[in-house]
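Two complexes come next, and they have one chain in common, chain A, joined by chain B in the first and chain C in the second.
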Partner chain A sequence: MPDQSPAPRLIARTAFGADHPCVETIGPWTLTECPNRAIASVAARQGHEDAVAATLATLASGPVDLGTLRRGPSVDVFGTALQQWFVTADHTEQEHLARTLADDLGMTASVTEQNDGWVVFTLQGDGVIRVLERLVMTDLRALSNGSAQRLLLEHMNVFLLCREQDQAYDILVARSFALSLHHAVTAAMRSVAALSTMS
Partner chain B sequence: MIIPHPLLGPRDAQEFTYLGDAGLINRPYWLSEDAARAFHDYLYLRDNPAGQHRELWFHEQGDRSWLVVTRDTTTHEILKVELARDVALARRGAA
Partner chain C sequence: MSQINRLSGGQLDRSRPLTFTFDGRSYTGHPGDTLASALLANGVRLMGRSFKYHRPRGVVSAGSEEPNALVELRTGARQEPNTRATVAELYDGLSAQSQNRWPSLAFDALGVNDLFSNVLTAGFYYKTFMWPRAFWEKFYEPIIRRAAGLGSLSMEADPDAYDKGFLHCDLLVIGAGPAGLAAALTAGRNGAQVILADEDFTLGGRLNAEVEEIDGTPAHLWAATAVAELQTLPNVRLMHRTTVLGAFDHGTYAALERNADHVAAPAPDMPRQTLWRIYARQSLLCAGATERMIAFQNNDRPGVMMAGAMRAYANRWAVTAGQQVAVFTNTDNGHRTARDLAALGVDVVGVIDSRPSATATSAALGDYPLFAGAQVVDAKGKLGLTGVTIRRADGSTRTLPCQALGVSGGWNPNVSLTCHQRGRPVWNDQIASFVPGAQLPQGMRVAGAAAGLFSTAEALQSGIDAARAALEALDLKTTALPCPRAEDGAYDIAPLWYVAEGKGRKWLDFQNDVTVKDVKLAHQEGFRSVEHLKRYTTLGMATDQGKTSNLGGLAVMAEATGQSIAETGTTMFRPPYTPVAMGALAGRAAGKDFKPTRLTPSHHWAEEQGAVFVEAGLWLRAQYFPRQGETHWRQTVDREALAVRRSVGVCDVTTLGKIDVQGKDAAAFLNLVYANGFAKLPVGKCRYGVMLREDGIAMDDGTAARLAEDHFVVTTTTANAGPVYRHMEFVRQCLVPEMDVQLISTTDAWAQYAVAGPNARKLLQKLVDPGHDISNEAFPFMGCGEITICGGLRARLFRISFSGELAYEIAVPTRYGDALMRELMTEGAEFDVTPYGTEALGVLRIEKGHATANELNGQTSADHLGMGRMVSTKKDSIGAVLSRRDGLNAPEGVRLMGFEALDGETTLPAGSHLFATTATAQGASEGWLSSAAYSPHLGKSIALGFLERGQDRLGEVVTVANPLQGQSLKARVVSPHFIDPEGERLRA
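Now for the complex of A and B:
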């Protein structure tokens, strides 16, 4: 008997419940939601710390220390804690990033898929430090290209990745905080933009 | 208050959660002869110094590491910061 069940009609939604990524441009800055990122976390198991670091260094074309972001040919890796990392990649190309990593690392590490746990935003534009300095308590002028920090943004725990200092940053936040983060960042963008229009 | 994290550099105290006396690392062995008395002391007896105090801080909004911070309770000056794992491993190595 032929399958009578209706064809699945699942539609991917962003963290905002929309079918298109959220893009917000205020003043010279743009906050863009990037739903097409695959994310996995890697934690080295006891006694295998060096082996895991070496495997990730191969993927990222160089060693990835705590607090640094390194961009490899197909994945980006950043250190989140001692012997712990996040790996991100293009979701269309590497939907099974976590499974691939788990296969590569075997019993040396614990790999957890984080695809739907986090939302990735990029915040870019000239002088974007003026916006970020209202939101996070870190020395942004000292945060050089390729830095990765986990810190507080208002009440939210985020990863702040510096792609290009004062120009482009990635912000990773728990998916359920997407609206709050959007609110916080756009409010700061609006305030700083308003300051520059005052005579 | 700024806590100089041994791995991450200076971080605001707002990112941390305070647990208490660093003596909590030295948990008594539960099968020892005097376990009941040792646990009583471990749970209830604390020094309350006006001056240098070693205490545990958890970097909850950062890299989730536990730190042993030596702080002067009268001035809030931070004199030394170590990773709690290093302190615990050194203690295990010495025992």
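Now for the complex of A and C:
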């Protein structure tokens, strides 16, 4: 059974105030809003660091160090800071991800719901590094599959997750910035697409 | 006009003619031309006027060092002043105008300045415009600015977009001449991540300008082959039209890529230029060298140019500046120019070689008249060179008719980027020039002519060696690349900086009109340090930064002081290497995109309601919601505020910072960061709290709600959400790392609305699910809890009030925020629910006497705010001790008070200063108004403010001075709690 709120009178909207996710294709690249992600932050409490890391490693099918992303059968986990992680899952299936994790981790960790604290975008397409290199200062060719970095993108604090190098990335930004992030990324997409037409 | 000076050969696409205009006259050129080469091809030598004397000037160089041929490129909003014609790539329809002349380039009325050159010497402004002092700003400066200056601005907004970006590489190679290409090939073939950047649109550097062979192939074809190979290497990024502008800390470089300057206008969405920040683990400067002038009488005549440039125009662009040319040189280099032009059929009327040893067998490279040991002593022809007068070794003079003179005074390695991190170049006697010093930017090496290695063979070999060394430094593999066979001639120079003969002006700095005499005058008047010389004469201060002039000036100063040039030293080289458009520095951060914008959960709904928005930090908040028939914002705000007091209103307060605080020591942690006690706050309760800075000044206020024993939610003001979070993290990580506490922002995670007014509970009861009792008894003032609403949606409810009314703040996951607002409006219709914006929010809180950012301005203490008793003396908290320091809270200090306009109606302007009515004109301010509003509830203008001894002055009438708007008003001092001082409403 999906773990979600029982048919609320209130209808969820995307960060753009829409019923459907925002999808923008420019040139070979597509930026897609992914509202169907549940997110929870996990921070280990003192003395329980190893236990929390072990629990998350079980969920993610392997250890999740700072700066890495690992995909488990039902959740993804990436390290956000020292002894801190974000866990993401399908929102339809696990809207109450934070509560579930809090129950599982008990007093070993502080868990906070972040479902709507962040908006997840995917940016994908051949050679997408050419777009991202206009936006973030990290060495994208050194950012291998399964890497996670916290960066600034046009003054916005983002997480950049490398799903497939030069092909597919997730960008997480605080929800209120969604429109500005969309603008920044699509502007870069248009820019590179236009430059590609130059002989 | 046909291309009368076009030669055979060159690296042009002659199959395609390009049409362009200069000063309204139409000409033709070809792809591969620059504006300068195309103008020369069309017989145009006069391209500009000088900065100060408005002297006629022609092109001097063939590169970015050009001081003279500056034009206004394009028209309308895209007009760009001071564009160097030597690097402006020709395109069809190009339009250029000469600048700094009136009415025309050939006849410039301000050329009259040249007649007063004896007066307008170095330091003229400093000496002349001393008196009367008041005349400078209103009289002298406007006149001088009108007379001087270079290009003009269109005064229209730049229509183009600019980008920025970030690149990383193992090796950044700066310059794609022989050294740069050899280095890039070496590193590229070895698999390193390489960026090769060059400011030219055709890579190859001097290889494109010389007649020589590499491995038996014409040099420019070898370069093209090398570029073609580099293009196939996936680990090599070639960046044409890209100038590396500066070397910064830790191997960081700025580079400007001109994406669309070679077309009439960028295509839609295309950036005109991109400013790159390049992180290079190693770098290799292969920036080549710049030829220098020999100063002689009238050496600024249009047609006098660098010999290397003359050769480049002939070989690369198939252009001669005149059908008869001469060369003046002190190196073998000038002879190459004579050789190449003669080979192309140009009449070389003579090579004037200042070296007595230069003979037909030792130096000459062709059959042309050679005047060894001779010097050019004068140039003729005002608007264009007609001939030069030479003094021969035997003392006789002779005039050689010519339309162009190539001058080679030697070559200066381009050391600029080696000095951007405070490196200083060192003097090299062998080439009579400065070469890079030992102190280089981190990870930088230098190769080729930039290192003072002037033969092609040396350049190639040094490029290979330096690239290998760079790779070895990175522990990358390095396989040796065989060095191609190339020219390896010696560089024989006999320094000659200026020709002593002649009383006329001998020009050093063409762009800023500095002469040999100016430098000597500076010396005579005591400005002998190179830094003083620069400022006094303006030598090297123009847009070209003295690339062709600085060393000449230093040499003249060295001679005057009797020091060597090495002892005289150089001025600092600073970025940018060449001028950069301001737009490129801004990138896309222009106009409304200057910063990101944050939208509230109810933003789209508010737009539908026709809300007027206001910026609050990065947030865009609804300021007020005008209704039909309301003609003034005050009508709207008054209505909204009264609606809250009368029934119920809803305001989006999501922007307030929310910080999730968890952990075993969460309560102890908050007890430390808040001045008042939090340790014993029961679960299910909120508490208002004040945070102090370490120095005891109030930092922020807000509430903390205890959701569980080990779980709090802290709210901050909108303005201080970031700073408070940062402060708390600092405390957690640095001051009390032993505490078990975890923090994370949840500002964006929850949509939070204030529901305020006597009917607030009734409205919420229609949404809250059965099983959650929010009656006054079960959920009293300052209660909080996790509930469900609207059929099971999780929510948080806080009974807190900013307005002074019965009020709640309700929070739901943000994706439901839009729907919750709509639901509140629907269900609240029976109560005439009213959305209210930040203006009404402000009115309500001023009426209630709540402090906010206006009052928490970084200068006020808890005592000043009337909250002194909140600073607990029973525990330690950050800032508590210093909040009690002597003098801070003296009774005679300011206190937060209320103020009512004496006549009721007149607005009390926030920011006004307060004076006793008995104060004299010289009296000191006794306080200020921090917030002001018209209170529709009270029917009068009110304000909050700080007044000395305010607590003792209730009822006193004070003067409210607003000198900026010429106002002097009267207000009565009252309690800051204008409504419900006992708090009965909010507990109802």
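Heads up, the rule we're going with is that the second predicted complex is superposed on the first by the 190 of 199 C-alpha atoms of A that agree within 3 Å, B and C clash if a C-alpha of one lies under 4 Å from a C-alpha of the other, contacts with A are read in each partner's own complex, and residues count from 1 in each chain.
Operating definition for what follows: contacts are C-beta pairs under 8 Å (C-beta built on N, C-alpha and C of every residue); 3 or more make two chains touch, one makes a residue touch a chain.
These figures come from a predicted structure and were not determined experimentally.
By the document's definition of touching, both partners, chain B and chain C, reach A:M137. Look at A:R13: by the touch rule set out above, it reaches chain C but stays clear of chain B.
In the superposed pair of complexes, A:V23 makes contact with neither chain B nor chain C. Judged by the touch definition given at the top, the superposed model places A:A54 against neither chain B nor chain C. Note on chain A: of its two partners chain C and chain B, the one contacting more of its residues is C.
Chain A residues 84, 137 lie at the interface with chain B in one structure and with chain C in the other.
Put simply, chain C touches chain A in their complex at residues 161, 163-168, 193, 259-260, 266-271, 274, 277, 279, 588-589, 593, 595-600, 603-605, 619, 654, 660, 662-664, 710-711, 740, 742, 744-751, 789-794, 812-820, 823. Remark: chain B residues 7-8, 11-12, 14-15, 61-65, 83 touch chain A in the complex. Contacts from chain A toward chain B in the complex involve residues 66-67, 80-82, 84, 137, 149-152, 157. Taken in their complex, chain A has these residues touching chain C: 5-17, 35, 41, 43, 45-47, 84, 107, 110, 112-118, 133-142, 154-156, 174-181, 183-184, 187-188, 190-191, 193-195, 197-198.
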